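In the two assemblies presented below, chain A is common to both, partnered first by chain B and then by chain C.
Here is the complex of A and B:
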């Protein structure tokens, strides 16, 4: 026997069943993200109000003491500055070279098939491997960089790139740019390939130079792609840790210590849990503001 | 006819331009290949070759001894490989299953709506250092530090936002008509997902799995914090050579080469999907 129901009811039943099924299909993923993403975040708010240190017994509630001490710590501000420098310089250089390469490859015809895979390799490498590799390249005695520089200037060069306060940060920047320029390249190339060639042809017929066509026609069209690429790079450079860990270890002194590395040290080496949690929240709020601003800009397009 | 307008002079100009283009590209390609070449050659160099001044580019007597030493000195390179394989395979499979269920519900039933999908992507944006120590303390309380289940759980959570957003973008491209007719024929939604939607977006699904594998393969921070002597991964094994300054370059080279080779092969196989993968489905090719 079948129960006759009118169409609206059947539709409502279907929608109700879909909603339930959908809920149960999303549930496992949501639970994992809640357990490993959200719960630790909430837990760390709690920790940030405790004096939780390796050598001090007990975990007294101290209100905002940890926040006060991290905000008055020069090393913390310095590490934020290093992160800001890395983000600003690395992302700009990566964007410029990436865009330039994308245009070159786009105009290279069949050679694209050879160059694409080559430019893709660094992105797939383990950052720890990249760090080690560049450490060997920068080596003052046994590295090829000083050797090549020596050929160029005509006499022996022995710059200790990674242990010198003025060259260590540029060395890390080069390493970072080497690994992630291909990211910009790949994303921007995808964007450029999608541009309708008729637009550029129309501009060319109107007598616009190639350079002008690129700035006035092509770039505005790929603006959304540019913003997405920059957003992702900014987020990832803020996380920079691996390369620093195996090249300079934050040194010399703390000249190359980005904020993730600083917080890693206060947590893992000195086991100052409350202090580290407070620092993480300061960082989190700063990143959230920046990301909200960038996402807003992306959303506008 | 635009072809007619182009005279002989401008054709020569385009050819010159092409040669300049290719020369520049070759130069950049050398810049990107050189470090990979250097670390690969170091894996086969005798220690007296990589500690020679001025540096030797091509060794006279290549050696394979570092391929043995990598297990016997340090923490154990091949053990790290086994650990990485177990952890990455398990976490990739689990996150693909959970992710495809969630992505299907999100694209077909609009479960959770827009806010839910943005909540998921925001997980990817927050700096991992913010949850590193809380997770460490929780795992310590559970006595899960240095176990496979701990690493797999963390990596599943780490991969899920990526998997869900990628699959979401691929599932949206599957034409609705076939699914709808299957549903009318009495197929259940789960059957539609596994028999129609997943097979129809197979290239994208494979690309997602490969990229998930690569991203977890390269992860370092959590592996460093949550492993001790049992489940250390390849990047962690490599980092243990950091303190011991100059002695182990050959071993570092071997581990680097072994960690690059499989990833390069897998990655190049799905190279068409790379731009999309790197932006979580935002940029399509």
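Here is the complex of A and C:
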């Protein structure tokens, strides 16, 4: 005996399958994403309410004690200030140089094909390698930077760039700018290439100077691209770690310690898990506010 | 009756046999007893957490152990800065990944608080003799093995700071006369830090940057030891034992940092970031007149044991036969992170781990390890100092060993206290800040405030108890050695 299903039922099954098959295909990947992406976030919220330290027995629930502790910690605020300085100066310089290079290269014809891969080399390097390379370049005795300065001034120069509080942060900034300006350049070049030349021609016919055309026509047109580029770089510089780790270790003292490095030390060196989780959330909220503002500005455009 | 006699005879013979076996076993050397013990764990694999740069010795000698016991040794190498991190991470995760952990003796209170270490008293009582332990010099034994009434590991190293100086420069008649003319006293190894500064400045000026008078390590993680050498040498203590208020920002702390800062004036450029490799390289290339550092530089400067197994990460010595040794001003000798072997509380092979530890740290094996040309292990047993092999390793080795042995009497300890890794970091940061141009008093005040915060976090009474144990170790050390 065979069981026959009627046509409407078959249709219903087929329709159900069509509607939900995609969902079930995606489900495993979504579960994995939830497990590796969302679960740690939720777990870290939980940890941030515990006094969990490897060297102190017990993990009592302490409500907002970790948050209060981190917000009243001068080292945290100092580190945040270092991060803010790095973000402000590095991104500004990268934007200015990147835009300048993009404008230069935009109409350079064949030269563009030659310069593009050269400019892109630093971006392709691993930050740790960049850190080690620049650590050698900044070396007071054997580094080429002091050698070149020595030739210029006519006597031996032995500036300890990475161990002097007044030069260590600028040295990190130079390293960071060197590596990431090409990224800014590339994104801005893409934006400039997409500008309709008729707009610029119209401005020229109306008698606008080149500078006026760039300032009043080109820049407003590429404004969304600029904001996206800045947004990417701001988020990236906030996360700076590798270069600091390799070049200065946050020193001398705490002079070059950004907030990521501070949290690394409290978490991975001193194993203050609850405190570090709270710090990470405070940082995440601050970054989210900043990003929300920038995204809002992009949206406006 | 005859069966009774036979039985008594048999029992007597058995007793004799057991007594003889026991006697033979007890008379055997530490390494032989360890091998006998190790044979029981044939097939067991032990995993060691080790500093990468130190791992050469263990890799050289572990096959000998594997051959005689049938055990397997696996070494996980990691940089110095990540040893604590890796050990704690694995412990937190409860993986039991390591059976033996190379442990700085001052990390013991933190490791004990985290429940990471297995006390080894029961193994020592069962398998070792009084003589085994008494061969370890008191400076190392007392400082390194014990904490809070228990034993946490066998010493496997002996890092004591002494002075290494270029006797060819010191003995040069022209240098001697010029120094006498300039300072009014003989050019000789310094007895005070003022003399150290004078000699340092003298050579730097005289050789116009070709040779620098003196150099040291001021890089992050290393700067602390140099502060401790000077500060504790002057009698500085870390805390007031009653209130647990930090004392480093007092007059002595300021004076010690002033001394370290003065050394920059006549030291090589960039010294603020130097670790051992940079310092030793400069000395081996003949660019530094004197230094105080970890003892391997004594062997390396003579390429002792042969140039073919000389450390690949250092330039070949150019100062062979030109180096002599002396105690540092005070006299005092900082015991800067010599290693013990700690057995992990998560280990599933604790007995086997102790057997291997007992073998590797035995007088018979450790003398081979600490005289291996590229080894970073330093003498820490009487049998090391008295070893004819070691004393004849290079022409001046006898003096090297004599000065290191004498330095034991003046050993000062790292902050072996609950929270010690964090206290040490706070002081270290203050030193690097000052080397980078920060105001001394301000940097020390900040460090003292951080130390206060750490104390509050760990609980003042807990740290006080731990600090009392540390002070007791210092007292025991003085009582036994002086």
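In this text, the second predicted complex is superposed on the first by the 277 of 301 C-alpha atoms of A that agree within 3 Å, B and C clash if a C-alpha of one lies under 4 Å from a C-alpha of the other, contacts with A are read in each partner's own complex, and residues count from 1 in each chain.
Going forward, a contact is a pair of C-beta atoms (placed from the backbone, for glycine too) under 8 Å apart; a residue touches a chain by one contact, two chains touch by 3 or more.
From a predicted model like this one, the values you see are computed outputs, not experimental measurements.
After overlaying the two complexes on the shared chain, residue contacts for A:268 are found with chain B and with chain C alike. With both structures placed on the common chain, the touch criterion links A:18 to chain B but leaves chain C unconnected.
In the superposed model, A:141 lies in contact with both chain B and chain C. In the superposed model, A:249 makes contact with both chain B and chain C.
Looking at the shared chain after the overlay, A:200 reaches neither chain B nor chain C. Of the two partners chain B and chain C, it is B that touches the larger number of chain A residues.
Of the two partner chains, chain C is the only one touched by A:55; chain B is not. Judged by the document's definition of touching, chain A residues 141, 249, 268 lie at the interface with chain B and also at the interface with chain C. Against chain B, in their complex, chain A makes its touches with residues 18-19, 21-23, 25-26, 28-30, 32-33, 35-37, 39-41, 43-44, 47, 101, 104-105, 107-109, 111, 115-130, 132-134, 136-137, 141-144, 147, 150, 178, 182-183, 186-187, 189-191, 193-194, 225, 228-229, 232, 235, 238-239, 241-242, 245-246, 249, 259-260, 263-264, 267-268, 273, 276-277, 280-281, 283-284, 287-288, 291.
Across the complex, chain A meets chain C through its residues 53-57, 75, 139-141, 156, 158, 160, 162-166, 168, 249-255, 265, 268-271. Residues 18, 21-22, 24-25, 28-29, 31-33, 35-36, 38-39, 42, 50-55, 57, 98-99, 101-102, 104-106, 108-112, 116, 120, 123-135, 137-138, 153-154, 156-158, 160-161, 164, 189, 214, 217-218, 220-221, 225, 234-235, 238-239, 241-242, 249, 252, 255-256, 259-260, 263-264, 267-268, 271, 274-276, 278-280, 282-285 of chain B are the ones that touch chain A when the two sit in their complex.
The touching residues of chain C, when paired with chain A in their complex, are 84-85, 88-89, 91-92, 110, 113-115, 209, 218, 220-221, 268-270, 272-273, 418-419, 421-422, 425, 429-430, 432-438, 443, 446, 450, 457-459.
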